[in-house]
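Here chain A shows up in two complexes: once beside chain B, once beside chain C.
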Partner chain A sequence: MTDLVGILVTTVILGSIYGLVAIGMTLIYGTLRILDMSQGSMVMIGSFVGWGILVSAHWNPVLAIVFAFAATFVLGMMTQLVSVQPLMGRRKAIDFEMVTFITTFAVAMILENVALEVFGPQQRNVTPVVSGGVNVYHGVNLPYQSIAMAAISILLMGGLGLFLGKTRWGMAIRAVAQDLDAARLMGVPVSKLYPVTMGLASSLAGVAGVFLGAQFFAYPQAGDLPLLEALIVVVFGGLGSLPGTVYAAYVIGLIQATTEVFLGTTWSLPILYGVILFVLIFRPQGLLGKPSEARL
Partner chain B sequence: MSEPLLSVRRLSAGYGATTVVRELDLEVRAGESAVIIGPNGHGKTTLLRALNGLIRPSAGEVLLDGEEIAGRPSEQIARLGAVLVPQGDGLFPEMTVEDNLLMGAFLGQSWRDRRRSLAHVYDLFPGVKARADQQARTLSGGERRLSALGRALMRPSTILMIDEPSLGLAPVALDAVYGAIAELKSAKTTILLVEENFTHVGGIADSIHVLEMGSITRSGSYKELSEDEGVVAAYLGSIT
Partner chain C sequence: MNEGHSRALFPDMTSGRWSLAVLVVLALAAFPLVESNQYILSVFVTTMILLVMNMSWNFILGVAGVWNFGQLAVYALGGYGAGILMLHTGLPPVLDVVVGGLIGAAVSVLMAVPTLRLFGIYTSLLTFAFAEIVQYLILNDGSGLTGGSYGFPSVKGLYSFLSPVASMHAYYWTLLGVIVASTVAIALVTRSRLGIALRAIRDAPAFAAARGVSPLRYRILAFGLSGFLAGIAGALYLCFEQSIDPSIMGLTPMSLDVTMLVIGGLGTIFGPAIGTTIVTVVETVLVNHPGVQLTVVGIFLLVIVVFVPGGIVGLVGKVRARLSAWAEEGEEEAEEPEATEGVAPAGGTAGALDPIAIHDTTGAPTDVAP
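Now for the complex of A and B:
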């Protein structure tokens, strides 16, 4: 029973964080048809914002989340304007997905090296947003930081779902993802919508960075592993499928948590990648993706 | 005679190096129902796409209510009141019918106005209301066409353009779609409609233009063109 509770708790925490980073990538892929490699940098920037506000300035943790959200929103918009927008007019004449994969990767490298220059290579401790913890079941300890991380991730994912499903601009983002020409005929200003979408997605990664920084330090390469994990979640869930991404995030969290409890952490990644390999061979479109199409 | 609402002068448009619409002239007056007919592949859809900014014309001018729109992006043309029901309907497949309708009112309407427009469309098309919560991709051809027409009516238009409303529809659905278009005509909506043949447009067309090889070759009333044996025999099929 203790193992089961431990697995469930870890699944919720891991799944929520994976989901928060991956859902932004899915939003971008569904709308712009690009795999945005700068999302890891947004996690890194979020972790440095967290460090700056919590450790250097000793400000309120809520401010760390708000500032990380705002800073990465602006950076995400700028990334779109610099690395994607200039190519939009030629998207049918070039291999758009591959070229933007590289241009956003270039932005990621620039941001990473700017961080290296400004902050140096050392790992910096980030104060947890909330300290302390609770014993949930016979020795299964749950830090408040993890609870806050999962709660805010779930809140943001739910908020994003409501935004996309119920608001005029959220519906416009979905419309663009489903039929670009028809969305333009409805009057949706796509050239403004694209940077806003990428800003929104980046801000989710930025918030995740505040929490991940407290978990794994703030340093220039802090976004590399979250980016890789988010890519796996996005492909496993089905490119462009938001429900698939959330579902995949928790499935991957469950696989990792179960393996760690029964086989140890050494086996966690081999088992995870084995399952992903198996699933993608039989369902190349991912868990909830549609063959050759991507829809938000 | 009043100034035309839509004035197209020597318009050329196509895809890459291929010119499909060639130096085309056309005028549509406010409240008029103009119909363009012509064989497949002669530029009807390309013309509507160029008029609505989905492709950039290579030459010519297009005035909508006195304002030059040639080469402007779709979203700007939509803001001037042009509404297109594209071929294949252009519904958002993963959205519900109601969300599709609400997207039709994306431009500048208050929440209350959008609900009012929605109620109006549901009054006009009770069949669409019955499918309100269904995803658009699950609709039949006729339901899709009516939903697309309903979406086009969600905001005030200066001109409503409809691309081949009869395409692929069963007779019952066809009657419903053309019944709805006839109601729009009687409400003095300015309409530019393209079809492959004469068969269904008799009741709604104030003027008919024959589009061949990218240009308008003949224009006249329904009566005039239906008496032109050359037109009927060569391009237009049977007349009912």
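Now for the complex of A and C:
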């Protein structure tokens, strides 16, 4: 029973944080048709912003989240302008996905190594956004930090849903995702929309970074693992499907929590990759993705 | 070499360029005779091992256009396979290297089968997942077969009977021979029916399939060939370093290798050599500043992909075409486009990064974002 409660609690926490990082990737893939490899670096930047504000400056945790959001929003917009916008002319070429995969990867490499040069390789402790915890069940301790992490992730995911569903900009993003040419004909300023989309997605990863930094550490490679996990989630959920991503985040969280309890942490990633191999072989479009025509 | 034959193999190579290529190879072959610094020689040898690996990857990534990101796992498994044989059997080391290549080919074909249903980004995710699993399995291997995260137990290598200096020379010349042989082999394959079929599948899969070119057969063949070369490279790495460990796989080595290929020119014959050389020089010069090192490499990668889609080989081809077109302008103006085509680079189909005519017709001009 303790195991079961532990697994469920971990599932909710892991799933929420994966969802937050992965939903940005899905949003970008849905609108721009690119797999943004710089999302991991945004998590890392978020961790460092969290460290700077919580540890160096001793400011309010809310400020850490706000600053991380703003910093990664700007960085995400810049990433789009530098690595994707110049290539939009080749959007219909067969290799567009791969070319942008490489350029965003290059941005990730640059960000990671600039961080390495500026902050050095050491791991920095980030103080939790909120301290303390509550005992939910015999032996299952739940830190407030984790509750805040899950709550804010769910809030942000819900907020993103509202933004996409109700606001002018959100509807424009969805219009572009559905039919670029029609959206353009209706007067959607596509070239302004793309950077905003990527900024928004990156800022979600940045906020996740503040929490992940406290969970683990802030260091230049802090984004690698979240990136790999987010990749697994988006493939599992189906590239470009927002609801699919959210479901997949919790399913992947459940698989990981179960693996950690029964087999140990070293096995969680290999097992997740095994799941992904299985999914790609038998259901390549993922949980809720639509089969794309660009496949044999 | 027969002039007519060589021109068919490398249509771009004049006799002057041939002599240049031969001179470069000869100069490289003579280099260890004048350079006695063992550190510099070892940098050359490791670079050449990496180049063999990059050539194998270039074949599958650039020529076949399959976005395979599991090549480093094939490379590592070739090395581990050869190492296990070398440690536990009495086979001659050369045979171990060949078996390493065969293991690479087998692993690569195994990886190819599930990717046949997939395309583009999905292929890269699947192959990358495969590579990650291989790395985790080796890292957490407690059976003692691979040595886990500590690395493989020390092996003798190819030239254990020679003195250290002589064996360094022997490795150097072996690698040079392997590189020359595989360059010729890859050029031959690229110009053969197989190569044409692979490029057709890469550029227009539906058309190629409709013309009776089986993507299944040719993709598996391409994976096998590229895996064999990668396995050989892995086995040579094991022999030269006398060990191997899981750190040769993973995100950082992969990003370096991709950068080498893209900078040189994906899908070209000489692109990997150029890219590997440039990145290695940058790495060696900035060896004391790991952060700056990879930042520079990343900026290189970004700039090349955005501004020079064909890599350096493509750029050279374009500049040359521009120059000769400009020179011929006065003589025959009407023939200009043909003249430009005639001087296009040898393997310079400029890989998958080149805009393709078929797709250009589908892309309306409105696609260019303002």
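By definition in this document, the second predicted complex is superposed on the first by the 287 of 296 C-alpha atoms of A that agree within 3 Å, B and C clash if a C-alpha of one lies under 4 Å from a C-alpha of the other, contacts with A are read in each partner's own complex, and residues count from 1 in each chain.
FYI, contacts are C-beta pairs under 8 Å (C-beta built on N, C-alpha and C of every residue); 3 or more make two chains touch, one makes a residue touch a chain.
Just so it is clear, the model here is predicted, and its values are computed rather than measured.
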- prompt: Does the superposition put A:90 against chain B (first), chain C (second), both, or neither?
  reply: second
Message: Is A:116 touching anything from chain B or chain C once the two structures are fitted on A? First, second, both or neither.
response: second
- prompt: A:171 contacts which: chain B (first), chain C (second), both, neither?
  reply: first
Query: Which chain, chain B or chain C, is in touch with more residues of chain A?
result: C
- prompt: So, does A:186 touch the first partner chain B, the second partner chain C, both, or neither?
  reply: first
Message: On chain A, which stretch or stretches are contacted by chain B in one complex as well as by chain C in the other?
response: 181, 184, 190-191, 295-296
- request: Name, in rising order, each residue of chain C that touches chain A in their complex.
  value: 65, 67, 114, 116-122, 124-126, 129-130, 132-133, 136-137, 140, 203, 205, 209, 215, 251, 255, 258-259, 262, 289-295, 297-299, 301-302, 305-307, 309, 352-353, 355-356, 359, 362-364, 366-370
- prompt: Where on chain A is chain B touching in the complex?
  reply: 168, 171-172, 174-175, 178-179, 181-191, 295-296
Message: Which residues of chain A touch chain C once you look at their complex with the stated criterion?
response: 35, 82-83, 85-95, 97-99, 101-103, 105-110, 112-118, 181, 184, 190-191, 194, 220, 224, 228, 231-232, 235, 239, 266-267, 269-270, 273-274, 276-277, 280-281, 284, 294-296
Statement: Within the complex, chain A is touched by chain B residues 52-54, 73-75, 78-79, 83-84, 86, 90-95, 99, 102-104, 106-107
